[in-house]
Every structure is written in C-alpha cells, then in structure tokens.
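To start, the structure itself, in structure tokens.
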Amino acid sequence: MTDRTSHLELDQHEKTFLDSNELIINMGPQHPATHGVLRVILKLDGEKVLGTECVIGYLHRGVEKIAEHRTYTMFNPYVDRMDYVAAVSNGLGYCEAVEKLLNVEAPPRARYIRVILTELNRIASHMLWLGTHALDIGAITPLFYTFRDREEILKIFEKYCGARLTTHAFRIGGCVYETYEGFEREVKKFLDFVTPKIDEYEELLTTNRIWVERTKHVGKISARECIALGVTGPVLRASGVKWDLRKAQPYAAYADFDFEIPVGQNGDTYDRYLVRMQEMRQSLRIIEQGIGKIPDGPIMAKIPKVMKPPVGEIYHSIEAPKGELGFFIVSDGSTQPYRVRVRPPSFVNLQALDMMVRGALVADVIAVIGTLDIVLGEVDR
Amino acid sequence: MISRLRAQHGSGIREAVTYLGQKYIVADSSLMPELLQVLRDQEEFDYCVDITAVHYPDREKQFEVIWILYSFPHNERIRVKASYADGEAVPSAVPIWPAANWLEREVYDMFGTRFEGHPDLKRILLPDGWKGHPLRKDYGIIQQDQEWVQINLGIESGQ
Amino acid sequence: MLDYITSYLKSDTTPGSAGNLFWAFVYIVLIFLGLSVAVIAMNWLERKILAHMQVRLGPMRVGPHGLLQPIADALKLLIKEDIMPAEADPFVFWIAPLVVVITAFTVFIVVPFGPTHAVTDMNIGVLFMLGVSSLSVLGVVMAGWASNSHYPLMGALRSSAQMVSYEIAMGLAVVSAVLMTSLNKEGTGTLSMIGIVQAQQAQHVWFVFKFFPLGLIAFFIFAVAMVAETNRAPFDLPEAESELTAGFHTEYSGFRWSLFFLAEYSAMIAVSSIAVTLWLGGWMRPFPNALGGETWDLVFSLIPGLIFLFLGAITFYSTSRMPKHPYFRVQTLGLGGFGAVLALIGLLLLIPPVRDRVQDIFWFCAKVAFSMYMYIWYRGTFPRYRFDQLMKVGWKVLLPMGIGVLILTAIAGVLF
Amino acid sequence: MAPVATTFFFYFLSALTVLSGVLVITRKNPVHSALALIMSLLGQAALYLMLYAPFVAGVQIILYAGGIMVLFLFVIMLVNIEKSLKEDQFNKQWLVGMAAAVALGALFVFVYIKGKGLFPDRTIQMPEQSNTQQVAVLLYGNYMFAFEIASLLLLVAVIGAVVMAKKRI
C-alpha cells in the first residue's frame, strides 16, 4: 500500500517538474498574421498546439439582413464588400443567381467579359494570398513583387469600371460598361508581362529549401476530410480531388474554354501553394482564349426596370478564388428578396483550421491560416 | 432517386420538385435525421454545401430549415427542406457531415433554432451575451441589443 | 606628456600591448564613434538595399535619397515616450538593454583593424570575443523575462535556446581555424586575433582556402551560426513578427528599444569581423599570392582613395541631375556637400603616409561590409525557419559537420 | 606589460564577488539571485585575469556566465515566481549551517594567522609561452588520464539527461 502511494507521488512530482504546464495564448484579433480580425485561442504545450478555437464575427455587418431590405439591384454593390480582394467573383455569383431567378441569360459578349474580368480577379486574389502567406512564413520580398504586379490588374479594373477594389463591375442581366478602347491590347500586354513574373515568384520559393521545409507536411488534410468538412477550392484540389465548379457545373461562358484543373497529392501547405500557382497560369490561359474570341453584340439582356422575380428560390454557386461561393435567394414576388443566404467559402474552410493544426507548432498555425486563404470580410459578412 | 426515397419514406416526402432546373425535396420534419443519413449513405450526397433557414412568421411552423447537398460521384445538387415551429429542436447534422458544425451554429445565431445533438451550440458571429436573433423577420434592421452595447462598448447606441 | 603620446607612434604594437593608455583611449573613442556611424549607416543601407531588392525606393524624403533618415529616426526614438509596463520588473527591465549594448561594444576591444590598429591584443582574443558576445544572450533573456508578458517571454526562451545551441557549432568552426594557425615550424598556434591574421600572412593563404574544402566548410558553418547568433533572418525566430509580434523587445519603446537596435547591428558587425579575421585574412589585401610584388602593393594601396573619389564623382553627377527648382535647393546643396566630403576623404587617402596606415583598415572594413551585405541579402530572400527545424539544423547538421571538419583539419595538419 | 593598480583592483573585484554572493542568498526573487550569481562569476573571471590565467577567465565567462547561467535563468523563468516569493527563504537547518560557517571561518582564521608559512616561498615564474598552451600541455600531457575520466563522467551525465528527457515522449 505504501509503495503504491509513493509511486503516485513520484509520478505527480515528475509531472510538475518535467512537463511544462498548458498555456493558453490568445492570438488576435489584433495580430500581424491573422489577416484581419480573426481571433484564435490556442491551447499550447510548450510550442505544440493541443487545440484551437476560432472566435469570429468582429467584422459582422449583417449583409444577409441588409439584403432583405434592399431591392435586387441595390444589393448588388454590397456583395463586393464580402470578399473584398475578389470583388468581381462575388458580383458574378450574385448577378448570375438573380438572372437565374428571373430566368434571363446575359448575352454572350457580356459573359465573355465576365469570364475575363473574373479570371483577372482570381489572379489578383492569388497574388495577394501569395504575398501575405510568404510574409507570414518570413519571406518579405514576394509581398512587394506580388503587390507590384497586382497593381497592373487593378489598373485594368479601374479603366474598365472606375473602381479598383470593390468594383461593382457587373449588373443583373449583363455588364453595364462596354470594354474601353484598347482593352484587349492592354490585357494582352498584361499577359505577356505577368507570365515571367509568376516564374519569378516560383524561382524565389518553389525550390527554396526553407520554404519547402516550412510548408511540406504542414497542415495536412486528406480528400475525405476535406469533403466531410465541406472544404472547397484550392484546398480541396490540393488534396487530390479534381473538382472545380467551372468544369463540374459550368457557368458564364466557361464551357467554351479549354483549361486544366491543377491538383495536388499530399494536401499539405506546399501542394496548396503549387496548386494556386498553377491556377494562376491556367487563368492566364483562359484570359488569352477569351481575348481571342470575344464575340460582338449587346452586353445587356432585356430585363425589366423594376425587378420582380416570380415566387421561388434559387441556389447558384460559382468557383470563387477561395472555393465554392453560393447564393441562395428566396423571392416572394416583390422587388426585394425575401431572404438571401451567402455560402461563403472562407467561413467553411476556416472550420478546418482546428483539424489541420492539432499537434503542430505555433509557427505552423500561422502558415495554415495563410494557406487557407481566408478573408475576414467574407467569414463574418 | 425520388421514387426510391418515396418507397422508403412514403408520405413523409411531401413534395419533390424541380424549379429552374434545381431539385428540392420538401420533407416532413419527423423524418429528418434519417432522411439525411439515407441521402448521404445511399444516394452518395457526401458534401454538405450549406445549412440555412428562412423565417415565415405567418406560417404555423415558422422556420424552414434548408440543407443544400452535393454529390461528388453524381455531380448533382439537391435541397432538402423541412419546417419547424419556434422552439422546436432541429436534429443536428454534425454526426453526418462535420461541416454542419459552424453552419448550424450560424443558423442558431441568426434564427434561434436549436439543433439537438450539436456538440457545441453557441453563437458564432454575434457576441455570446447578445439578445435576439437578427435574421428573424420581426427583428428590425436597425434594432440592436442596447443593453449589451452599453455594457460592453460603453456607448449609448451605435445607431 | 607629449613624449608619452608620441612615443607610441614609433612602436609597432597595439596601444594595449604598449601600455599606452592615452592611445588606447583614443582608439576606444574612435571605435565607438566609428561603430555608431556604421550602425546608422547600416540602418540606411539596409533599408535602401532591401528596398531596391523589392522594387521599391526605400526612404527618399529626409535628405537626398533619404540619407538623413536614420538621424531623423534616432531623434524620433530619443524624444519618444519611454513606456515601462506596470507589471514589469523595473530593475531588470532597465538593465537588460544596457547588458546587451555593453557586451556588443566590448568585443570590439580586440578586433584587429590592422596590425597595430586594435585597442589591445589579448592572447585569448577569439575566446574573449566569443565569451563576451555569448553574454549578450543574458540581456535578451532578462529583457524577455522582465517585460512580464507572454510574447517577450517566448521570444526570450527561443533566442536563448537558439544562441546556446549555435554557439557550440560556432566554437567548433573557430577551433578548426585556430588549429590552422599552429601549422608553422614551431607548431605554436595562437588565439590572438592579430596572431591569427599574421599566421595567414605567414602561410600565404586565407584560411577559407586552406586545405580546400575544409576551410570553406568551417567558414560556412561559422557563417550560418553567426546569422543564428545575431537573430537575423532566416533565423529571426525570437523576433518573428508574424508569430511573436516583436519577440523579446515587444514591450520596449523609444530609447531603450533603440539600444537593442544598436546592439543587434553592432553584434552583427562583431561576428562578421570574427569571420573576416579568422577566414578572410583580416586586414590583408586580396590576392596576396597571385598578384604579389611592389607594383601590385602600390596599386592595391591606391584603391581605397580611388573608390572614395569615384563615389564622390557619382554624387556630383547626381547633384548635377537634381531638378533645378528652388524647392530642391537644400537637397541639392546637401548632396553636393556629401560628394565633396567623399572626394576629400578620397584625396586624403591617396597621401602616402595616410595611405599606408589606413589601407589595412579599409580592407578590413570592406570585407566586413561584404558580410553585412550578405546579411541583408539573406533577409530579402529567405523565409523563416520553424523552431524545431532551426534546432535540427543546429544540432543535427552543423554540429556533426563541425566535429568532422575539426577532426579532418587535425589530420590534414599532421599529414601536410 | 606593467600591472596597473593591482591592489585596488584586487580588493574591488573581491568585494564585488563577495557582495554579489551575499545577494544571491538574500534576494527573494530567484531571477535577481541568478543575476547576482552571474555578477559574482564575472568578478571571479576578472580575478583569474589578475592571476595571469586569461584562458581560465575566458572559459569561465563562456561556460559559466554565458552558458550555464542562461540555462539557470531558462529554468527559473518557467517556475512560477509568485509562488516562490511567498515561500520561506531560509529553511530550518540553521544548526548545520552554523557549523559549516564556523568551520569555514576557522579555516580562514587559521590561514590568516599562519600566513606565509603554509606556502613554499618563491617568486612567481612568469610563463614564457602563452597561457593557453600551458593549459593544453597540462591537460593533454600530465593529466591526460584524469581529463579523459572527467570527459567520460560528462558523457554519462549527457546520457542520463537524454534518458530522463526521453521518458516524456
């Protein structure tokens, strides 16, 4: 009996002496690497992560509530404020959803313009992701390179619709602006400009030993886990699922384009990086094709001045740079939507954070937050 | 597929319609966890895209909860709808799709529908102590929890 | 008194060895001033070079091409409010930056800028430098602990673990270089900094090329370890801003923070000068073997002056291209004055007596400057290591390599 | 090289060493104690320098002040300071402590009274070679065997540490 108790005491003594205590660290909402106002509560054992809890909602603006009190047209600019680094994609998703509800289709020229601008926006979004992700991991130079090159895309947007970030480029029924004089020439010039730049980023990082060590086998997630957690976009593709809404359920004019879906194998941070780099190249391909065969014709379908969609509901989703961006709209036949639900890719993808960082180190949490490519405006809406 | 489901669940499937090329099923609320389980296991809807709700204050069962599902093998989307009264518990889909976790929390946050069997049902976007569920139709657009704002932010009102 | 002062000029030892306190004091003041200027210049250069690597301009507003930016920053730091956290340990919080700065400056006592240009020549010179620079980790730990906050504490833990680990690999590399000094007829090696350079002079080789590639590997180990010792990218985990905001000096502000800044840069210069002394031939001019002889000696001794004249010419050229607008008058005058100063220094360096005394210092500083440039280059290119990877590199790569190089050097020394 | 103000420096450094030694045991905060210990060790290093043993001084700084004390601080920082502040500083073994102190004091007094007679009377030989080489010759020549035994002992300690740490995984 005495032996037993002394053993117990010894065990306890050892535990307090050798094991450091669990430490709870609060990362964010003001932290340089949480990309906005994400707050992550980390439970640590030394530097090892035992568990996380995300606290979100610091940027909640009630977008869905606002939608119920605005007409369909009035709500259009609001969607740009969700994923503000990929505003064009948001606009595309919303406009197409309402068009479907109205049962009209945008004319071919408008659809082509939409594809070109959306793909430019995808490149811009991936560039911003690359810069900030690399900065989190400690490489400061890519940030400046990507911001310099993203500027060229923003210039094209500015010339097209007057805004750089929250573009509001599309309207329900098509596009409101005709392409400007020299649009095609400038986009082509941009393609020639940016292709070597993407090679330049890859030169800096892809074979960089430290980059590889920091990203390989970090934040691994398998295809099964991705699907179970509803993770979409490049994260899903990096796990080996060849699924892209542009191919699976083509919208806009994507059915006319020839491009590949890059996939990874391991589902780690490095593969996600490679997938996104490849996606940028594929987007360049799409833009090149689109510029080559952009048809003539009207850019706006015939839609009523006062939009009153018939009673009914619609779910329409597009492949945003972050994943599946869905709009679920319920109409009660009035000028205002009865309910608008946004299915934000960042929100659902962020859910996987806890699974991906368990057992990793604090530095990996930063890498994984970066690789999930979340935008808090979209997470919180 | 619908006929298979009808055969299994009989009159529980009230409606199975295609509107604008999109399928949806209106099901009886009593069928709920089993129907979702069947959809995942037998019909291979392995991806839970979204869970949301719509508030119809005039109906007897005010809340229509909508599950949007997608099947990777069949490249097919389906919406499942069921109505619940205020205060009635909705069975949680977390055991079926882990993705439902945050989505259900958001529905709870915005509508106040409880999800039974959810591992950690609490507010997600609004602060924990907030009163009211903003996406209900009786919640005004500039309404806010004045008490919470005063206590936590120390200001009279944001509006 | 005057005799006491002038008597030293005829001797050919360091003031410390000659026991001449006056000149030792003069050297200390000169080194202190030179180091402060070097840190300020490094501040500007790093921002400028990094900016140009990243397709930006860097500081451009204060003075021509932002030349006065570091001075403006220093003034800003001096007049900034000095904040001490309420829960901090006041005494330790106060003394920590002092410890870091004092250790960073003390090591320069033994740095040989030339055969006689050092405050003193200790016969344990290298040991002294390693020992004193290892004390700076105490200041870091004290700063992190005294702040009484999570991030600084974690930063301090990381940096102390990192510095202690890399010191070992560093020491092994140093020992292999010291071993090379003993390869003369008498078999007497030395730890004295001046002695090490003289040994390279006597053996007609920079130690980095000795027993190729052994010297190169040892130099490589030291070059990696010295970056880790000074907490610079890619080993800047203690102050990784994306993880720990600013590491051990998160809670420091104003003047105290600037002391850490000063210490970091002078520590970088200090370890670079150890590397230069041990492997890159210290104050020796390049190509002592291939391009030997009186003529080449003369040519190389003219280079410092010519470089300064060249820099002055560039500055004058830029001055002539400044916009001719009244707004830019002050800037144009400043740039012109800077060019004039550079040209004057260049002319001064061409006078034979000055030339002979100063060219050693020039070559030494040029080599250190190259090493500092590498620091900036690393920072622009590399991502940051993770903590476990950092430890792995230290213990599983550098340490075995160091032991191997040491053993092989010893064998090679016996055989050849 | 003429020694400068030797007596003054000797007393100054000794006072520094002893005072910081006293601070080590009187400070309540363990971190302050550790810092005082570092001060004391540095004073000792300076005293070695005065004894013309620069190598030993350098090693003292590198190993004790730079290496071991950092690990000391490392461990102390992880300990809950507030708890240790409340604990009793001196434990109840004052009898043993007194005995030890008296014995040590008696030794000092004995040496002081007997004075020079205890040590062989000869002038200090200034070494021709540098100090480092002398240490090396002694360690790797005369006392080779003892040196190797010591290194073996350290190896055992290293293995012991590894075994203890390994248990956690």
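Which chain is which? They are A, B, C and D, in the order written, and residues in each are numbered from 1.
Here is the rule we use: a residue touches a chain if its C-beta (ideal position, glycine included) is under 8 Å from a C-beta of that chain, and two chains touch if they have at least 3 such contacts.
These numbers were taken from a predicted model, which means no experiment stands behind them.
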For this session: Work out which chains are contact partners of both chain A and chain D.
Result: C
Problem set entry | From chain C, the most remote chain by mean C-alpha position | B
Exercise. Where the CA atoms of chain B average out and where those of chain C average out, how many Å apart are those spots?
Worked result: 64
For this session: Please work out the Cα centroid separation of chain C and chain D, and write it as a whole number of Å.
Result: 32
Exercise. So how far apart, in whole Å, are chain B and chain D when each is placed at the average of its C-alpha atoms?
Worked result: 71
Seminar exercise, completed: In whole angstrom, the CA-centroid distance of chain A from chain C equals 45
Exercise. For chain A, which residues are shared contacts with two or more other chains?
Worked result: none
Seminar exercise, completed: Counting only contacts in the complex, chain A reaches chain C at residues 23, 25, 31-33, 47, 134-141, 143-145, 148, 204-205, 208, 210-211, 213-214, 361-364, 366
Problem set entry | Residues on chain C engaged by chain D in the complex (per definition of touch) | 17, 19, 89, 91-92, 122-124, 127-128, 130-132, 134-135, 137-138, 141-142, 144-145, 153, 156-157, 160-161, 163-164, 167, 188-192
Seminar exercise, completed: Listed in rising order, chain A residues that touch chain B in their complex are 56-57, 60, 62, 64-66, 68-69, 100-101, 103, 227-231, 241, 243, 248-249, 312-315, 317, 324, 326, 328, 330, 338-339, 341, 343, 347-348, 350-351, 380-381
Problem set entry | Partner chain A, residues of chain C touching it in the complex | 50, 53-56, 150, 233-234, 236-237, 240-243, 245, 379-389
For this session: Quick one: which bits of chain B touch chain A in the complex? Just the residue numbers, please.
Result: 19-20, 22, 46-50, 52, 54-55, 66, 68, 72, 75, 77, 79, 97-99, 101-103, 106, 110, 123-127, 134-135, 139, 141
